[in-house]
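Accompanying notes for the structure given below.
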């Protein structure tokens, strides 16, 4: 057993768990959390793909991609959270509309 | 099982999965966020195990740190600012009509199938398969930097990185657009001790951030990680009310947000002359240009992340108009 | 060759381009609108006359434009097309005069005349379509252009009628699309060629060819109001009188009948159609429609509905003539295309005058109207007698040729059918004439003195009635519809 | 003097425009229009190049694929660029009017940067030839599109925007996971690398994930749940952009992937077609039920997306090399017509004051020109000749018939009839007058603002006459012919 | 064999008539009424023929007997009397003048049977007279003004007839020198004798212009009486001619011409007169007149060409039987119809009435049509000059009869005769029996008549068209009359009404179904949409679709026959390598 195997499967599992959460979670905030889990799962897959048996250096390109992915995800998360806050404000302030 | 690290890996993997499940199932939202932060840190650790320190840094700083802060801020906002939650439930931000458990189980079953399928696909994929390794090492000398990840981010695939910065810009524009007219309830104020602590810590963080940025050229670290650390400065300033955004600051803020994008894009276009295409840095100026871009991008990233944390655009509140500005 | 190769296009554009102009004109610019309308209509008649001359001299017009690889938008001006164009151009002019008078102070005139010209443009396009694909385009355009006219009054009833009209015709159009596609896939062309393009397909895949025939005839049969696709026609009678006149005399039903001709003669070819065994059922269907329409007409009290059912019946004469697969019957069919147009437009305009001038909309209210509106009723009478088939009026000529054609094709039942139909025609028209001329106005019903209808309403039906007389009386003269018809049939039967 | 290739410009111009519009909000509209004009010029140059020399490739940074990222412009991508720029320009013109006045100052301020970023993203998608880059681009599109969705800031809009956001993120993450599998298997991420790949489990996993992710983003039934509310609650120009252009980006990626990857087996194509058919029918039913005009139009988008997928699946695996053309034609047709329709609806709503279908015939004001525009757009969407929609439908049915796939023909015809049914609900409201006191005059509510939608609608009809050149054009350099 | 059975056949009705005078016996007698004719029937069926019995001590030497012809007459006459008796029993149950009716009824029966059984002129005349005069009581039974008038006419004609007959018989017996009828038939009779006898019998037969008594009488008499009057008694005229005249021996051209002309006129004039009547039974009476015109034709032809008589005779007998049964059935049916209380029963009876009516009108394969065809065939042997006219007249008589029957049917339905309260089923039974017999006659006749049935068996089935033409004219006339009555517009509307009603109902049904479908079509998508939203099925679909696509793509891969070995080791290989 090698780390790529272990963490690859871990990543897939995390992705799937995130997927279940994203599909089922009733709570808005928790859905964001779940989506974030998905993204970590996807990151795992790329990092695992980059991994080479130790003496060899890993492939740097996927690392760059994952970093990009993380930044993209934080942006999306920020927007989603802003929407949640705004919606919550609107819902709490008036009930018509 | 001859490698003791395998046990560590297994334990770590198990812990990650367990934390993922826990953060989705624990009833208390605050706990969920905390568990998620731990999950993020452990994931970063796992990526270190996979020889990806840059990724681990980015994940820890941005994926976990900034995201965690955003989540906590939102939670705080939902609980105390809008007051919708009150004591009623820490369980859920939004009460919905419940989805039947059958549907949830069906979802879970499908996801189980997906996991199975993906696992089969994963196991069938070539181990340590083809990659960019050879290409990267071949192109490294011409990249202008020593650290391959930085070379990729700012040279080989600089276009992606530019667009990533654009994503951040889009996000901050969207957030400013979305959040408005909120009642300006007091932001959480930290205690005296914390303020003092902040005053001490801030310079140190700035130094660390700058170092990370600099180091990015040769070692793990770089604009994003550096930016994230600098953003932490902003967070502290905001939290301690050492800095309070004012409407008058909007112009500067906008400039700060777009600075990285503009410089990055402008450089990319400016170098495209004399038969060169965009992003094709002249070999002798590559390092300087990359450092320039990285530096300015870091400022933009820091400002953007801090703005994302702060949320709404600093506007002078004119109660009626803003509230009903639709 | 030709000094004006784009002549057919100009004829199309005279009404197509004028339509947006009319839309955009302000509501109150009535004079300008009338001027444009009449000017364009007159221009079109002139152009058509020129074109007829050219075509008679043997000039071939053929305009093509590739829309999809291999699939062309194609306009041609063959004699058959010209027959239909001449009819629509002439009647457009007359109906325009009539509509100007009819809608004098009505609302939405800009819209009305815009769609009216669009409708004529579509009709002309249908006539000149050089292949089934182009035909389909104009066929759908016709549906769209007439829909706003049908619902012009904008009340619940007219909307309901419009919906039914739309359902029938768009479904028909969809089926036509299917048929066109199938033709394209089967034959690799959709061109109209005298003698047809499906010989080899019919030989190799007769079932597919038969199905195609059913699909295509069903599709165009909707507009031709073949039973059982006729229901929309009487319902669409809620439209204003000029629209009914145009719909029934020229545009829609004739487009359907014309489509049947194109499909039978130039997609399948009469011989192929016969070989497929499809003409006899078509003739039978036409016969059923003729009788059924007349029977329903008898019981209608609403004048326009009676006329509408009469149209259902009369238009199928054309189908019958086509389906009999005899050149003589074909002459009758084509002549009837023109003659029925003249007769029916006369009657509808007369009916419109009755409604406008006297408020008479039902047969039972027609007592004594002849004395009050002699001109209009004279025109109506002439047209009705022509419909019944009295010589020397136009209707007689076409019935005569149809009967001859029936004998020629060995279908003696056609004689019985025509006699029965004439009898039924008499049964529903003569009572109207009887009421109009020989009865005093009903007791208590206040008949206003001489109603004030302008010359624009009075003149058109009289004109068309005279044309009915002329078309019958001078049937053998050169350039009469009948003569032209013979010319066309010679081409279609490749004699 | 720098000479920058139009490919790069097509992406960077809107980017700079967005930045400028963000920094200088007061001049945003001016900047926006200028940017669009410049971008249009760049796209025009690019089209000229493509016609002259075939596909144009720009290896950014000079590295070239697979290490670097290449921009690639061929017929199809330029056609999509032209669509987004042309439609975008007209929508922008219309937005000038729709967002005028002090009440809309805020919307105006954010509309332009978001829209220009959206354009950046879309142009980036159409020119990209690297799947990770595509991921970043669709994220830009997603964020900008969500921003546009919630521009009005009403509760319904924000709620719809949040659902849209979730769907977008999830779709993008599924795509990203697919990218991971592709890397795992092939070790490269450019389109060229995908072309000769042996089909393996990892690639199939990638296909499954990416396909579903894209279907979610393009709102293919039954993953359409987010779309109607999002499109119906946005402000009119935003709806026009979202419905006319944004969903097409994901569709475009599907078309591309189908050519480059060991993609569709027969059964997968059938599944796609069935989903399309479901969209046609379910969307039609919902459009028939819709009470608000904008919602009806949004549901019509669902059916049209379904129809495009039916076109994609029309002739099975063997016909895929041709089917994408039918799908592309329908994409173009829908883009133009739907933008026109949403703008027209916006105009109607402005003039009448509401968009409840049931009460349209009670309105004393009838914005004739907007109604006419709506009708023209509907003609194209229904697929009546000679509109581009008709040509697309014709291609769809022709291919299906030639392949003997009669069920897709049946679906198309059912869809056509249903679209007639639901659009005629609206016409009835336009044309009924007996429920209004007093006379309703013709030519009410005409405004310059009607010009842009009318132009779009006229384009939707007139483009049908240009179908043959369009078809020839989109074939240039596709999928990889005549490159380099 | 003795004469006693004959006496019984004649005497039983007489005895019963006498018994009726005694009140205690009345109920018994009425109960036995149907059986009064049984001895005669039994005699005819069981006794052989020809047979002749003489009772010298009676009268002037009474001779009674049966031959082939009279046997057949006895059979249908007796059968009809039995049925009429059965009907009369119930018809008269509550009648205050039942006793007098019973007496004259039985006397007429006795006379009718007696004249057929008689073989000498005196007995014949006596029986004939008894029947004729007794019938006066039948005609006048109701004592209404119409009955009184009819009876007056009747008795006048009876007297005229009896006088003529008496004179004729007297002359004939004198010329033949014997009172035996057989001798009369073999004798050369003078024209005047024959003419007088023809006149006498012609009155009974009702040939024009001697018919005036007949229709009113038939109309006035109670239904059972009408049945025997028309069915049995007028045949006595025919029988008399057959029994007394020297047919087949001598030609009486003048008389024949008169006879045939009268017959032809009768056939059609009766139609013209008949259709104007508004009493259904009177119409039936005219129909009888018309039918007797046919018989007169046959007789006339026989008088004209003696050689043809042997062919004509069996046909005439058959026609007599046919008419007796059919017309008897119609009269009985009229009575049965009149007493029915419920509409349904009336419809049933009316439907049953159609059968004898159609048979009478000449429905192909029916006895009427067969008779006429046989007569046409027989006439070929007769006068060539007359043949086409006779044929034409016979053919067209079908039209005439049809029209009369139509008129009868219409009147019966619109204007049923008055009837006493009686058990409906009791009256239906005799009617149905006779109607069945009339329909089945072509089958029964060969059994009964044996050799005499040959011409009938060989006859053509007859053509439908006269009947159809008649029906068409009748319908046309009826429609026309109706249209005139209610006005053309209303009539046209009425014509369309059933169609419209049907269309309306279909439309309503369709509309209801459409409404239901529409409700469903509204509800189902709404519910589906709500469920999908509440359960977030769209989200589930994401997972389901990924799983589905994975399955679609990968399952075939797993089951593929040969999985291409990957060039590079897979992660899975590494995993295996570890273990």
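Order as written gives the chain letters A, B, C, D and E; numbering starts at 1 within each chain.
In this section, a residue touches a chain if its C-beta (ideal position, glycine included) is under 8 Å from a C-beta of that chain, and two chains touch if they have at least 3 such contacts.
Here the structure is a predicted model, which is why all the values come from computation and not from measurement.
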Chains in simultaneous contact with chain A and chain E: B, D
Taking each chain's C-alpha mean as its centre, the one farthest from chain E: B
A-B against B-E, pair bridged by the larger set of C-beta contacts: A-B
Core chain by centroid distance, with centroids computed from Cα atoms only: C
Distance between chain centroids, defined by C-alpha means - chain A, chain C (Å): 68
Approximate Å spacing (C-alpha centroids) for the pair chain B, chain D: 30
Geometric centre distance via CA averages, chain E-chain C, whole Å: 60
Whole-Å separation of chain centres (CA-atom averages), chain A against chain D: 27
Numbers and ranges of chain D residues touching at least 2 other chains: 67, 132, 136, 139, 143, 146-147, 150, 153-154, 158, 161, 170, 177, 181, 183-184, 187, 200-201, 204-205, 208
Residues within chain C bordering two or more other chains: none
Chain A residues counted as touching two or more neighbouring chains: 1-2, 4, 8, 15, 19-20, 22-24, 28, 39, 45, 48-49, 59, 61-62, 65, 68, 72-73, 75-76, 79, 83-84, 86, 91
Contacting residues of chain D [partner chain C, same complex]: 372, 379, 384-386, 391, 393-395, 397-398, 401-402, 409, 413, 416-417, 420, 424, 428, 431-434, 439-443, 464-465, 467-468, 471
Chain D contact footprint on chain B (complex, rising order): 117-118, 120-122, 124-126, 129-132, 135-136, 139, 155-160, 163-164, 166-167, 169-171, 173-174, 176-178, 180, 251, 254-255, 257-258, 261-262, 265, 268-270, 272-273, 276-281, 325-326
Parts of chain C lying in touch with chain D, wherever the complex brings them together: 23, 26-27, 65-69, 73, 107-111, 136-137, 140-141, 144, 148, 151, 153-156, 159, 162-163, 166-167, 170-171, 173-174, 177-178, 181-182, 184-185
Of all residues in chain D, those that touch chain B in their complex: 1-5, 8, 12, 15-16, 18-19, 22-23, 58-63, 66-69, 106, 110, 113-114, 117, 120, 124, 132-133, 136-137, 139-140, 143-144, 146-147, 150-154, 158, 161, 177, 181, 183-188, 200-202, 204-205, 208
Chain D-touching residues of chain E, taken from the complex the two chains share: 521-522, 525-526, 529, 532-533, 536-539, 541-542, 545-546, 548-550, 552-554, 556-557, 564, 566
